[in-house]
Amino acid sequence: MCDHNHNDPNHVCTCSDNPLVPQVCKVIKITAETPDVKTFRIQTLDGKKPFAPMPGQLAMISLLGVGEAMFSITAQGEDWIESSIKRTGMLTDALHEMTEGQTIAVRGPYGNHFPVDDCKGKDILFIGGGIGLAPVRSFIRYAIEHREDYGHLDVLYGSRSSADLVFKDDLFENWPKVEDLDVHLTIDRPEEGWNGSVAFVPAFLEQKAFDPAGKKVVLCGPPIMIKFCLQSLLKMGFSKENVITTLEMRMKCGIGKCGRCNIGSKYVCLDGPVFTMSELDELPDEK
Amino acid sequence: MSRVGVFVCHCGTNIAQTVDVERVAEAAKSFPGVVYSSTYKYMCSEPGQAMIKETIEKENLDRIVICSCTPRMHEVTFRKMLKGTKINPYQLEIANIREQCSWVHTDKEKATEKAINLARMSVAKVLLNEPLHTSSIPITKRALVIGGGIAGIQAALDIADAGHEVVLVEKESSIGGKMAMLDKTFPTLDCSACISTPKMVDVSQHPNITLMTSSEIESVGGYVGNFDVTIRQKAKYVNHDICTGCGLCETKCPTKVISEFNQGLAKRPAIGKMYAQAVPAKPVIDPNACRKLIDGKCGLCAKLCPLGCINFEDEDKLVTEKFGAIVVATGYQLIEWGELYPEYGGGKYKDVITGLQFERLVNASGPSEGHILRPSDNTEPKTIVIIKCVGSRDPKKGKSYCSRACCMYGAKHAHQILDKIPGAKVVTFYIDVRTPGKNYEEFYDNTRHDGAIYVRGRVSKIYEEDGKLICLGEDSLLARKVAVKADMVVLETAMVPAVGIRELAGMLGIAVDNHGWVTEAHPKLRPVETQTGGVFLCGVCQGPKDIPDTVAQAGAAASKVIGLLNKDSMETSPMISKVDESKCAGCGFCVKMCPYKAITLEDIDVRQGPKTVKKTVAKINGGLCQGCGACNVACRTGCIELLGFKNNQILEEVDSLCL
Amino acid sequence: MLLPKEKLSEALGALAAEANVIAPVKWEGDVFFMPYKGGDVCLEGNGKLPPKDVLFPKTEKMYSYSIAKGTMTEHNDAAATILFGVRSCDAASIERLDKVFLEQGYKDGFYSAKREGLAVIAMGCDKPMATCFCTSMGIDPMKAEVADVQMCPVEGGFTVEAVTEKGKEIVKKWDSLLDKKSKAKPAKVECSLNINVPEDFEKKLMDMFESPIWDDVTKACLGCACCTYVCPTCYCFDINQDVHGDEGTAFRCWDSCMFSDYTRMAGGHNPRPSKKERLRNRYLHKLAYYKDRHGKYLCVGCGRCIANCPAHLDITAFAEKAMEVE
Amino acid sequence: MINEIKNACLKAFESGEVGYIIGWQATRFADKTTPLFMRSAEDVEKLVWNKYCVNSTAKYALEDKYPEKKIGIILRGCDSRAVARMISDKQLKRENLYLIGVVCDGKEDPICATCSHKTPVIYDVLIGQPTTEEISPERFAEVEKIAAMTPDERYNYWAVQYDKCIRCYACRNVCPACNCVECYADQYRTGWQGKAHNRAENQVYGLTRAYHVGDRCIECGQCERVCPMNLPIMSQTRKMLKDINDLFGPTECGLTIEEAPVLGEYDLNDREEFM
Amino acid sequence: MSVKENWEPKILAFCCNWCTYTGADLAGLNRMKYPENVHVIRVPCSSRVNPQFIIRAFQKGCDGVMVCGCHPGDCHYATGNYYTRRRFMLMKRLLEHNGIDPNRFVCRWISGAEAAKFRDVVTQVSNQIKAMGPNEKFREPYYLEKEAE
């Protein structure tokens, strides 16, 4: 009854026949990335992966008795999926007070996913701002796993302060070791003990002056950052259809039924959240 | 989810006898959010509290529920205990399973069931308790006393002696009030001036007291600890800094007007001291009497004054000062009996005088140097009638209440007459004789012993007949009519609040009852405080009383003020209301409902699309709000909420009862 | 074949024996689709509320859970129902809802269970109401899109024509009541209210997103949800929790894009802050977005929003005004 | 009458003080009019004045609290009381409004039968002859009818009504006394009102709204007019008004612009029944 | 409607902290006895009780609700209970207008010293409601279903 695109070989779906009814899972690991961001590693009660999401796909995570909300899946392993959640509202407050071993309910995966196929053979510039790195990281990990399919990788990431950098182990240990992958970090305001760049992401991007030839850009972060980064990218000669981003919208059902997350005739939870900038221009200006 | 600890107290056998505390603790484990629950013999004891504190650390709890006795007993204790832990003292709820459960029920099964319900309700509420912090407001260590009568003087002296600055504001040109007019005071018959003048001199010489006579309160702003009071110092036309009070101007002033101090029995010049022992002993010019000020003629006093203190161009000055506390001691005045009692001559007969007029007659510094003379022909009256309860205890014509002091000063007047006029005949008409104080009854007995005749009944009519005042009355004990041919009649009239008390109460935000007496916070619990924080009261302004009670109240009010001013800052209770300005529509329904006038409507700048606009919202003064919560219900949107009793907390409590 | 008028309640009684029958019945002064318990049905107009409630109830329990035990049970008990007296416009709305709930990559378990158990007996419309304009939206009053049995009012009774297998079984049950010989044909019917919707009207509407007509078209709107809750094709819903201590139930209930907090996000940002954006989104969804996605207008011309709008707004008046804009 | 109103509107526009004027315009249906927002002289042509002008024009001014120019409103008796209501609740400023009062001749609306104020109570210019007003004896007929039932009958009567309610909130959005910035029903975090559509939630909504506006209801009848499911909403608020009448003295709301609602006041010698 | 024999009503009582709650404690101090079905919610003043809480209590399954406060004139916050009086005079009649049995909602003034009055009022209300049986009106479907099991 869930008729996802089953033709994709590594698509595993164990969700029940009714996509609106979640599965009870448990949180097996909670890592505090920053004072207000935590990463939750989730596994079904019988120790399996609830589903195998494609990079950029979302999951509806609900805390029984509190509420339900849509979060991006930032990573997946053999028998778990991970999601990084920032503390912004009632549900996220309750999530941040959880301890390992507590139950949680999950359903998904939802939404389209990053265009892994038509980025094949191209260089990719990943740009993240604050918690925006979470959805991008799913594509970075995918690219690293299929390293041979992709050209040169650049990860450009900035946040308010060094303490606010998420996935520090990836940024400083794992990713620099990957061949032909450069990590560029920046923070908004100077800090002692930080010798890296100090600049807003758009300004930092312009300093780097990437060559647009044969390069795709994956850009996620707060709307204000996306706006200015896009201007810089266009100045550098990137074309809009090569710049990919994810949209944030209020979502309830996650499967394109409840009609809430529409922008024009497109549903962000179904036709998105991943859009190219050119696709976004066709949609009415109602974000 | 948050981590709640539930601690069920045995209270020896008080609770454990009719409530199965173990089962309550067991049931508590199943409530959402509860991660630990246990019982202990005496939760409020030292070891009990230690056990709780230790469990908080061990179990990493962030809120606790204690099922024990009434929160009115140990809420403070447990909050102090929490101060030593990482939990905010206000993330605590107490379920009353003793006074309202174990002590009042017999069936153990049902009592345990109820205890579990009460515990569940407390847990449901504590899950939504937010950490609250007391805020402190600075206190200006200065006090303002309004009214320079004996009440104001005594309060000012006590506060000043405690080392705090006091400003004493008096409407008249001198302090002393009504007591200065009296000759003797009951029951000791010691001379009124001998008690009050030394105190008045102390006031003028006290380093901490600033005296502002001929001044009135213009406006009062701010709140407890931080009042800004604007005082209007009326023009005196005499420069008191230079004037030595020699009195030359007073003797030479050609105009003579009725002297209010002498109750109209004598005249006074346009310039002069209110009375001989006035403090400050310096003259002022009465602008409604002085010919120079009215039509520009005369000005003799200016010419005569050796030091040139007279200045006819003087104007009112407005002074604004900061105060931490305010004492209202505005005293009283006598009722205008003229129109109320036409049957007593309505003021036509010169020899029908009031109690205060009699005091002036019998007073050595009075117009007749103490000789009791008939104002009409200055002859010594032989037969004097005293009528009590004129205007008091008379709801139809005057006031419904008893003015408390007239029985005693009526007896004093009788005593003075018999003392000063040998062979005089005093007939006192009364309804009841009330002598409610130490040695009061004995004083009354002596007066009757001296020969005062007491007739129980009201005088129905007084009329003049060949030089005599015929008082027709009735002796209700002997049930026969009485007619007394009197040379003079003294009416002991009712006390009514001083002029202007309603406007002053409005400025201070305090309440007055329908007669105009200032309403105390609580007759027994807080008799010298008012509903508004930082505003105290003493003396007759609160209700008729005699001098001993007035002085006692003045001391009490002073001690309250000293208690307040001794602290540098005042901790306000954190359980006050808070406004969510984004949802406030500025309708003002809450403003009128606040008994403490703690809510005001103010404009704030709000961005609305491109432009910023002025939006009216409600603002709460933390110092004044006492946390009653009436405003919460006035607000339909629910954007003004009392911290600790927010809408969602009470809703959760209601929901959890029937789970 | 013809079912005589007087045999109608008998026919319905026969069906009511096996499955629960929903039919338009007069209740409290208006016509509503309610469980049929004998008595006569009321076939004037298309009913105050659409039959959408049968497939997409106002409030529907989805699953219950226990927080402590971490258990979860789904509530999806759909009984076989027969929907009688559905006009062509409401039948078309069922087809529109099917596209949303049963396709687009996910099949809604709750809706599909009810939909499979549903048999639709369509009733042709011989007296359209003043506010009806289904013909302008390409709907034939006498031919319903998802009908299992198509009935049309004619002189003295109703023509009966089984369209699907389910329809045949129903008609079989009525075998004894039918007059097989009658060749009566329903007369052609035209709506009094007509708007001629131009070709690819939706493209033009979508380009008019920034046009000034939106200001004065939406000015009189009160921002209530009346039009969305009487509309047969509105399918927006909200998911919420009804928590009682340890147990809780997730339920889905009707929601409306006209409410202020429909798109308000956690941080307070709302892409559609005022009624202008919301009503624009509603009109465009009915006349553009759905067609752009599924090829058919979402508005089936039943006229309920026109009849019930407190401010007497009119989607056809908007459409005509939009057509004048170049 | 229509021409006098049109002239008043034209004069208002000429004065340059008025940004737009709210009135009524015809629709394609003969028996319906819809609110008209006139910005200039030629819009005034579309203005109509007939017995189908049943929409209240007053509450639209609430959406424009900081207008550059004045907002013109054509007021029937009940609309003028609505304006007075919103000014007393400090949601509208009198100086932002230019009020054209029209003495009403009774519209195609059941409430007009018990209307006690055909003449507007507040206006800048008045059109038509003021009529003598008196409170209709039928004012509380509906309430008395319900009061005559037994408690169970009353409950069942209301239970059926609240089974019909579809929670479209039209009654709230049209009511001039419902002028909160954010309605209690939209504040889910506090949890007053659930979102589920069932009888209990509808009853909570119905009663809470009745209590919120009960002591400020101007009896304009718009809530009953707009309710798609024809609930007798006025019987709830009129029950409150009847009680206020009996307990605290004769009350009619929305007659002056400094009106103190009954629940915001107290009186020492109120009736004492809780002793 | 047959009342299950061991059925115990659930009654909610909002008590103002300064008077009625103190009176209730005093009743406890004097070991007065009253039925177990009244559960007290402490509020600073009876003027904090929003009439909407009454509707909420009936919706969430309570069988009776009481609101108790100081006698008018004795209010610790001066004018609190004057407003309470007006609010609940109107809400009581509105509830009765909607079919709630008048005995299910009781509002009484009980001072800090009137322990006996608190016991008597509670006992009387509890017995009345016990005789009336569970309250079906305004009840949320959750409780009606739970009732049905």
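Labels A, B, C, D and E are assigned to the chains in the order they are written; within every chain, residues are numbered from 1.
Going forward, a contact is a pair of C-beta atoms (placed from the backbone, for glycine too) under 8 Å apart; a residue touches a chain by one contact, two chains touch by 3 or more.
Predicted, not measured: the structure shown is a model, and the values here were computed from it.
Think of each touching pair as a link: the shortest run of links from chain D to chain E has 1 of them. More inter-chain C-beta contacts link the pair C-D than the other of B-D and C-D. Greatest centre-to-centre distance from chain E is found for A, with centres as Cα means.
Centre-to-centre separation of chain A and chain C, using mean CA positions: 38 Å. For the pair chain C and chain E, the distance between C-alpha centroids works out to 46 Å.
If you average the CA atoms of chain A and of chain B, the two centres end up 67 Å from each other.
Spacing of chain B relative to chain C, judged by their CA centroids, is 71 angstrom.
Counting partners per residue, chain D has 182, 189, 192, 198, 263, 265 as the residues that reach two or more other chains. Of all residues in chain C, those touching 2 or more other chains are 67, 238, 242, 244, 255, listed in ascending order. Residues of chain B in contact with two or more other chains: 32, 593, 634, 647, 651, 655. By the touch criterion stated above, chain E contacts chain D in their complex at residues 51-52, 55-56, 59, 71-72, 79, 82-83, 85-91, 93-102, 107-109, 137-141. Chain A makes touch with chain C in their complex at residues 1-5, 16-24, 45, 62, 64-69, 88-89, 92, 103, 105, 248-250, 252-253, 255-260, 262-265, 270, 284-287.
Taken in their complex, chain C has these residues touching chain D: 28-30, 48-49, 58-59, 130-131, 193, 216, 219-220, 222-226, 228-230, 238, 240, 242, 251, 253-256, 259-261, 274, 308, 310-314, 316-317.
Interface of chain B with chain C (complex): residues 30-32, 120, 655-656, 659.
For chain D in complex with chain B, the touching residues are 65-66, 89-91, 179-184, 187, 189-192, 212, 260-261, 263-265.
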